[in-house]
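Down below are the structures I want you to see.
Presented sequentially are two complexes of subunit A, the first with subunit B as partner and the second with subunit C.
Up next, the complex of A and B:
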């Protein structure tokens, strides 16, 4: 008893108590809080060497903009990137597998492009594991949870019309946004990328998390998007599936031009007047 | 039996009919009616024949279309919509597209025909405008034409809304917004049209009656009046050899023109069938059923309403709050002003021109557009105004496909809508004058023959020959633009009517309207023997056209 009594006036004692209280609080929170185990689980699921390999990849390809520890940089005049702590493995998988990251040059929006040569499923997984280890976040969905065959396209269509077409158009042909940004066409996106985009909200896109749109609903939407984009156009050429703009162009350029040519052809031969 | 005698099987019934309704006399007089031959005179027939096809395909569609807004759950063959709740109208439009044999083809031909109907009217109207064919005595027929165009826009708007898909709903919502924006009466009109709150359950059935009965009836009556007037007043013709204000040179209706016109119907039908087969239009199944809560990117109307879409997109958000009432100028102005300007301008132009030129004579010979530069410039400026609005109605696609910032297209449009027409006016005016001078040069110097001659002293010249007879006659068809002979610098005191401010304005406009072209006369031209360069010292001589007239290219 005396050892505690003797040292409770020690100058460091207050810090020890504070530390004890904090770790108690933190420990209880970690045990009770929902989803608190996600980051740990992700680290556990990704092998430890994935994180290490991912860190190397990050240092080589990402750190120049996102900072050496993914904390983000913001120096005016130079390339700068946001902090990646907490964006999750899903964001990394979406951005890197679709070629948007690494960025070729800064602009209003990162375009989808062919991924550089070092990008393959393994390197993307390692990079994702590293970013996931930094602060958690949405993880890459399982193949089953994005399988279009398991979704209900009719239900997905209603959700799609309610949530997506304002920017991405009726059939996912994309559309323009403000300040040079745009909603990209959904045709090249894989089911996994569509899911990840909803979960992480890349660029101008809002986040549709699991409470806004449940994973089952996301799968329904993927089923709708995939079924519509794969379906042939029963009426002939789809004209880019962007609605009346191309229809008007075709009406004038093909329709009126053909009929003007026909009119010129019909009237080219003049009647010969016979004076008999 | 010789070829001259009529077979009994034909002679019997035809004299039976002739004895009773006297059709033979009518036909004898009218079948030989002469129609002038020019390709641009067929453009109106695009609209006429599209209308015929619209009536036929439209009738087919009514057999299956249900203009109801009762909610049903879809159970047809289009899988991505099975179980989705929608209106009867949309479900029946899907039924026509996927289950009725030939239904999709007929639907698509109907829609393409609607586009070509309006587009055909537009090109026909431009032909009439730029050649001055609306002048006395054809002003009334021009007015009928303007009315037809207005009705066609309404017909298109109602038809576009009928399938009750998500795209058409966006158009319907804008229509409702425009009605609501009208001061004082807007709310009442909206409730009257929709039978309650938007969208209600009546609008599709009401639009259906308007679309298949009221407007087509009016269109049919007005088109008939349009054709009868054209028949009675006879067709205008282009200036040319042997063509005067009092004759018509061309081919008789039977058999020549009838054959050509019949062939042109088949061409129109053919083009529409091609488009209906190979180009998908209005894929309503992709849009989904209408729900007032949903809206898609890239929601545009059909092309003929595009200019209204554009003006709505360009307008700054301006509204006036007055004594608790809101006047939404950001809707009112773009919805009514361009439409009003274009339609009123079209309707009034023949009368304004007659007032300005004081020209009260009949015109049966068309003007070449270059020979009336102000009219042509006004036309091109109007096309620019319309075209810019139309183009910017698609500014989101321009932004997305060409990677231009959306706001930049808006800002560009806000300036271009004023500067563009002015610039187009000036450029067109100068081009018209240049073309008139070119005509003058063709008549006085001849045309390049392609024969290069070397003269004994080594100089190369190109031999010029007189233009072909028909071309020369066509060019010589130019008429001076009449002007009212009054003004402060005229002879003596101007008449009393010309001394009012309005009269002075009229005189000033009249002088301006005829200016410049009078100095480019075809009867006297530059003497052709000064190395082909216009020295500008006003050295005029009567036209000398001959093979000896030559232009030096050697120095």
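Up next, the complex of A and C:
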């Protein structure tokens, strides 16, 4: 105590106090800031090599459709892609990690497929950092903010039924849209990808931004989706779990056919009776 | 009791019966002791006694050969044993698989349903095998007889009826006849009165929803009011319920909205821009075809698709119908923001929402006429 009292008038003391206050402020901010800002922080704090590497990856794999500076292209007759300025790292992570991008064939919908060889968590992070550096946008959520175990599936189910089931079906089996587009099944999607899809609205999907559906509510919905798809089907096949249409179809075609066959078997006559 | 009738001569066991076998021949009459009907010349049943007491024999009867019968016996017995085991398994499943949560209930249902199915199916299949492989085969002719009553009986009934009618004086006593008919008439009309119990007439209920000026829009599911500045991502959509009616299903059946955020330059002339706020447009969620919730929204094409019959609406152009059986656009709700920046309704819809109804008329033309 005495030593502090003695040195508080030291010429360097004011700088020391200022430094202490600043680092305290910074530390508190880093603790309280939403996890999403981490990518921005990474770019700002000298992970510029990610951005540079991402720019090279972009030039090699994406620029033919999205333009050399991600401004988008729209020449008629050739492959064209939208501008990626402002779509954010979350959109890149969703599209590339699920194999939707790079697109193999232009069509009404980019399907989920096996990602090409060069795609791995590092290259996706670099590409995302580059696109994020162009104009901001939603960032990749932290693992904790998409952890299904931390969400409330009951609340999430309510939100899911209000906002998602019209396209994705009540257990996330997907469904058809107009002109060849479709809402994909949610079963192969990781919690991170589900979050990113809600935050960025890939392809025809609407956006559910964080200010109207909060990150906690998104996590609840992820908890619901994961809990539903982990439910077992004790009878064997869930028949796509799309409800009474397939169940009725199987009951009518398989069930009635079996009944008809049984009726034929019961009443079939043996011809030999008439021979004698 | 064992099923072992061949060990001792049948005669010694007459007082005792093997379980599951018919009574001794002397008592064989399953339908009572009445004598069989005698033919009396009025088209009744062919008078022979039922053949149960004499086994049917003759050239046309084909008994299965011993090998087939043995095989049939083995198969049928096997099936009966399976049925027995499955029935035991049913009881065991009931005890073992306790219900409680969804997963355990599913397992219990599967075990109970599966074992009962196997039990009943094996029992039935065993019986069919029994009939087909063990029992003799022959052609059986069953005579049909005329179903009408004998002529003398019919005559007698007719006479009795006419005599009764005559004695009642129904024709002679005019006043009696007419007052009886009078008494019957309102009773016949009583069911019509019950129609009233189908409920009050809807009056103007189909033309209005609970939306009114200044009522806040709330997100379905979270029941939070929506700040216009928060709903700021173009391509966003929300399902919206009116403040104060979040759980009133009767109100929600008409008043539920979809709220869509556009880039202002995407909005086309069909949309009433005075009813939007900063690119946010509210449409009725109730399809104008038969009232399904139409909310499959594609942010790239601005299509709203109804899942029931594929009616497709262009959300950017006043929800104009571009495909499918719907006859009218989804009605647009006039919205604005209140002093705190929350989205509110400017008024109710100006046309009835949802499917057509008999008295609807051309509500759109009436609205145009007012302007």
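Please note the rule applied: the second predicted complex is superposed on the first by the 222 of 276 C-alpha atoms of A that agree within 3 Å, B and C clash if a C-alpha of one lies under 4 Å from a C-alpha of the other, contacts with A are read in each partner's own complex, and residues count from 1 in each chain.
Keep this in mind: a contact is a pair of C-beta atoms (placed from the backbone, for glycine too) under 8 Å apart; a residue touches a chain by one contact, two chains touch by 3 or more.
Just so we're clear, the structure is a prediction, and the values are computed from it rather than from any experiment.
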First, second, both or neither for A:203, with subunit B first and subunit C second: second
Touching partner for A:103 - first (subunit B), second (subunit C), both, neither: neither
Residue contacts on subunit A - larger count, subunit B or subunit C: B
Contacts of A:159 with subunit B and subunit C, given as first, second, both or neither: second
Contacts of A:235 with subunit B and subunit C, given as first, second, both or neither: both
Touched partner set for A:63, first subunit B, second subunit C, both or neither: neither
First, second, both or neither for A:211, with subunit B first and subunit C second: second
Touched partner set for A:167, first subunit B, second subunit C, both or neither: both
Partner chain(s) touched by A:250 [first = subunit B, second = subunit C, both, neither]: first
Which of subunit B and subunit C A:52 touches, first, second, both or neither: neither
Shared subunit A surface residues [contacts with subunit B and with subunit C]: 158, 161-162, 166-167, 175, 177-179, 183, 231, 234-235, 266, 270
Subunit C - residues contacting subunit A, complex: 59-60, 62, 102-103, 106-107, 109-110, 128, 132, 137-139, 219-222, 226-227, 229-239, 260-261, 293, 295-301, 303, 305, 307, 310, 312, 323
Subunit A to subunit C touching residues, read off their complex: 158-159, 161-163, 166-167, 175, 177-179, 181, 183, 201, 203-209, 211-213, 217, 231-232, 234-235, 265-266, 270, 272-274, 276
Subunit A - residues contacting subunit B, complex: 108, 153-155, 157-158, 161-162, 165-171, 173-180, 182-183, 224, 227-228, 231, 233-239, 241-245, 247-248, 250-252, 254-256, 258-260, 262-264, 266-268, 270-271
Of all residues in subunit B, those that touch subunit A in their complex: 37-43, 46, 79-84, 97-98, 104, 108, 112, 115-116, 119-120, 123, 166-167, 250-251, 256, 260, 263-264, 267-268, 271-272, 274-283, 286-288, 291, 293-303, 306, 394-400, 403-407
